[in-house]
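Okay, structure first, notes after.
As written, the chains take the letters A, B and C, and residue 1 is the first residue of each chain.
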Amino acid sequence: MEVRVKGRFSFRGGVHPPEKKGLSCESSIQAGPAVKEVAILLSQHIGAACRPLVEKGAEVQAGQKIGDCDAFVSAPVHSPVAGKVKEVGLRSHAVLGRSPAVVIQAEVEAQPTRPSWEVNGDFDEGKYSSEQICEAVREAGIVGMGGAGFPTRVKIEPNPRMPKETMIINGCECEPYITCDYRMMLERTGQIVAGVKLARRASGCSRVIIAIEDNKPAAIEAMSAAVRASAKGDNIEVVAVKTKYPQGGERQLIEAVLKKNVPTGGIPPMIGVLVLNVATTAAIADAVVNKRPLTHRVVTVSGEVIARPGNYYVAIGTAVGDLMEFCGPVTQKSAKVVLGGPMMGLAIADLQMPITKASGAITVLTKGQIGRAKFARRQTACIRCGRCLEVCPENLNPTRIAHAVKSNLLDLAESYYINACTECGCCSYVCPANIEVTGYIKTGKIFLARQKKKMPQ
Amino acid sequence: MKGLLKVFEAIRPSFEQGGKLRVFKPVFEALDEAFFAPSATTVTAPHVRDPLDVKRFMAMVVIALFPCVLAAFYFFGLRFAVMILVSYAAGGAVEVVFAMVRKENINEGFLVTGMLFPLILPPTLPLWMVGLGVAFGVFIGKELFGGTGRNVFNPALVGRCFLALAYPAKMSASWLGPGNGLTGRLFEYAGASAVDSLSSATPLAMAKQGQFIGLREMFLGNISGSAGETSAIAIILGGVFLLLTRVASWRTVASILGSFVLLAGALHYAQPGTFGPVLWHLCAGGLLFGAFFMATDPVTSPITNTGKWFYGIIIGSVTVLIRNFTGYVEGVTFAILLGNIVAPILDEIVVGVRIRRLRSEG
Amino acid sequence: MSETSAWVIFIAAIFTNNILLTNFLGMCSFIACSGQIRTSLGLGTAVTFVLTMTTMLNYAIYHFVLVPYGLGHLQFIVFIAVIAAFVQLVEMFVERFSPKLYFALGIFLPLITVNCAILGASLFMIIREYSFLQSVGFGLGAGIGWAVAIVMLAGLRQKMRYSNIPEPFQGVPIAMVVTGVLAMAFMGFAGMVSIQ
């Protein structure tokens, strides 16, 4: 497979925030902090929350399922360690505020170790049937690890009404600071390719494209070599896409690579496409071949104030504060701890918040980085410069929507397709008047959903 | 600086809610931000920002105006400085009053309006008219709509249009012959007494009588005209700077000048005797100044790119029409105001088409 | 009877002597109905249609009925009656073919009858002694001019929805201020063509 290193594919709009990947891109994946106590949130995915299967005082094994749900769109949760259930109570959740969680006290305090597993080129996915793969994925509790947390089994399962032909593997990692997927592509290459093949078999896609941004030439090289060397790798292509935020958004990725548009309000299977994150595919391989549930993940801890930024293999449920402490003392006063990257991440208030399956990074930002001149207490009036329209990847009119929400004209906001917004943050990023455009739109969406009784008050 | 910061922080409480000087809070905030970077945190994602902000935007425009201001000083003398002062004082007073009444902060947008206004006026216009014009423009054209960013008309143009319609005699009799030589009128204060009807007729007025001044004079600015509009070269320098820093939209400028050239060219080709040559018309009057500095004001021009093209076409064509077919010698003021009026409709049409396209996809 | 061509009168009625912005006729429904571009477009079209047709009708009635029978002094009553009847027809038409527009316009559709622009146009036609063709040009131009003005105001008012207008000025007052500036802008066309 010929590799084009200069990314030629791209989408309309987008911005170029400073990448800052140099802080952690050279650090190979290391073991995270020793696990004393983990808090496994029962709602780590899109869909119905799990109900706990264990109660206080129960003994659990490593890898034991501790929460499950009967709904179709859901995924079970498992314990990463052997130990005792300390309590089933509320813990902080980045989106919901508070969510029930199973808190487990580890029997032995040890750093998370990844059982070594070499996957070589002649991995044959034909041994497994599509149903077996989907079942294994479901049982392992795999969800989209790129951030959205959508239950993977629902995604890859073949649906006769919406057949999937093309699968795109998302190795873009477009947010600044985050490098966990990059290191995965360099160090778990075989595992990722195995997972890709399994996903291909399960979903029935005939064409697979692995898309990587062109600021990661080593990853492009590594993945191409692995694909070339593997059997049955013939219809897997590795393509380089232009580095631009938010290239990793699935709609933008599909637009760039396939030149097709997902219908507004629709999902990619409607046009026969499936998008999976590289970390998710690695987890699929682990689940199907080794029957291991999703209990650990790689998290990038980065920021100019972190003493030892890098990519760490941590147990799901580790507190953010513990992970930060492990990465060395914070060297200067910091202003925000963000779960995720600086563009779409959520600033958290409680350092005891646990890592979830979909948290890929912890970014610590100083006041200076959040913006010296842009850091206004007030937002000034919109001067209608039009920059937000220019950068919006969804071709919306962000300022119009935000001001409609501000004036409480929610129907007007809806008519301007507020629900098509992917909340990427490009509009707020470029706004010279420092208007919280994305913030207003997010709020507007919630108000609108409440109005339509789709959300609780 | 640290000492000054301490002073500011010490007196801050008296400007907060319940403090004695609460009503002057906008003035305090303006000074605070002028000296120090503002200090609050962002509320939600994204947590980083692009470095361009409104203050820088406006600063770029003021910088771009420097060549024109210098040209105004050279050709028309020190009186221009007094006009600038009056403009800032009168307009600023209106701004400050409204900021205090609305309990908002003073916006930096006024820095630009205050500088632009004297540049589009005849050089020996009575100072009270300058003040009245800018106050009218800022009041009716901006403050009544809620301040910077919310107005629909260009405030400087509203002020000028008001003066042109209310005091047509004075407006057309306040032209001044340009200064020449090494220092021009730099050290003169040329008031109304310096007006000489022979040397101070503007090129456009003379064109109505069939006389066309040479192109070289038009380009350098050695002609009579509004204070900042005479020198094409100064305007172009500043305008290109604005285009390069992407503060002005190249689409607006290109479509105004393009449509103007096309229409004026067609007319000149059809009847060369009556209609002046295209290049001459480009350098005459306020077209270049209007195209680069007034029409590109982001608040009053269309927000969509396609809208900007049509906006420019309308302005360019109407200028040609007014210059050549009406009793007025210059039409840019009216043309840009008309452009401002149709800008929202153009946006609605473009957005409507876009939404229809989204709808047919989804 | 003046010598100007009907085309010149048509252009002039839209720009130089815009019946709304220069003569300030037809202000009430202009201010009231200019909230939305769509509604204004509908009203503008209705007014244009009524203006053109009634000008023609009134011309015929004046020159072939009133004048020959020496009833010229009845022009006011007769014109209003014609306009009223015609507006009724238009109302029925709109209700049948576009109920949405009918409801959006509400009372202002029948109020076109007393829109001074309509009567004004007919009276101008008589005073300026236009021929039939000139009258048609004038009626059509006046209507289009009125429609252009109201759509412009609607566009501006839609944009002003997001503006922070001081409370005393919200609604009609700011619309009047804006109309004033609109009129100022249109004065730029003065002298372009003359229809006197």
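Here, contacts are C-beta pairs under 8 Å (C-beta built on N, C-alpha and C of every residue); 3 or more make two chains touch, one makes a residue touch a chain.
Computed from a prediction, not measured in an experiment: that's the story for all the values here.
Chains that count as touching both chain A and chain B, per the definition above, are C. Nearest to the overall CA centre, using the mean of each chain's CA atoms, is chain B.
Of all chain pairs, the one joined by the greatest number of contacting C-beta pairs is A-B.
If you average the CA atoms of chain A and of chain B, the two centres end up 48 Å from each other. Put simply, the C-alpha centre of chain A and that of chain C have 60 angstrom between them. Between chain B and chain C the centroid-to-centroid distance comes to 34 Å (mean Cα coordinates, whole Å).
Shown for chain B are the residues that touch two or more other chains, namely 146-147, 150. Across the assembly, chain A contributes 381-382 as residues in contact with two or more other chains.
In chain C, the residues that reach two or more other chains under the touch definition are 162, 164.
Interface of chain A with chain C (complex): residues 381-382, 403, 406-407, 409. Across the complex, chain B is touched by residues 37, 151-152, 155-156, 158-160, 162-166, 169, 174, 177-178, 181-182, 184-193 of chain C. Residues of chain B touching chain A in their complex: 33, 37-57, 105, 107, 109, 146-150, 249, 298-301, 303-305, 351, 354-355, 358, 361-362. Chain A contributes residues 15, 17, 176, 261, 263-266, 335-336, 338, 340, 342-347, 365, 367, 369-378, 380-386, 389-390, 395, 397, 399-400, 415-417, 420, 423, 425-426, 428-434, 436, 438-439, 442 to its touches with chain B in the complex.
Chain contact summary for the complex, chain B toward chain C: residues 102, 140-141, 144-147, 150-153, 158, 161-162, 165, 318, 321-322, 325-328, 331, 333-335, 337-338, 341-345, 347-348.
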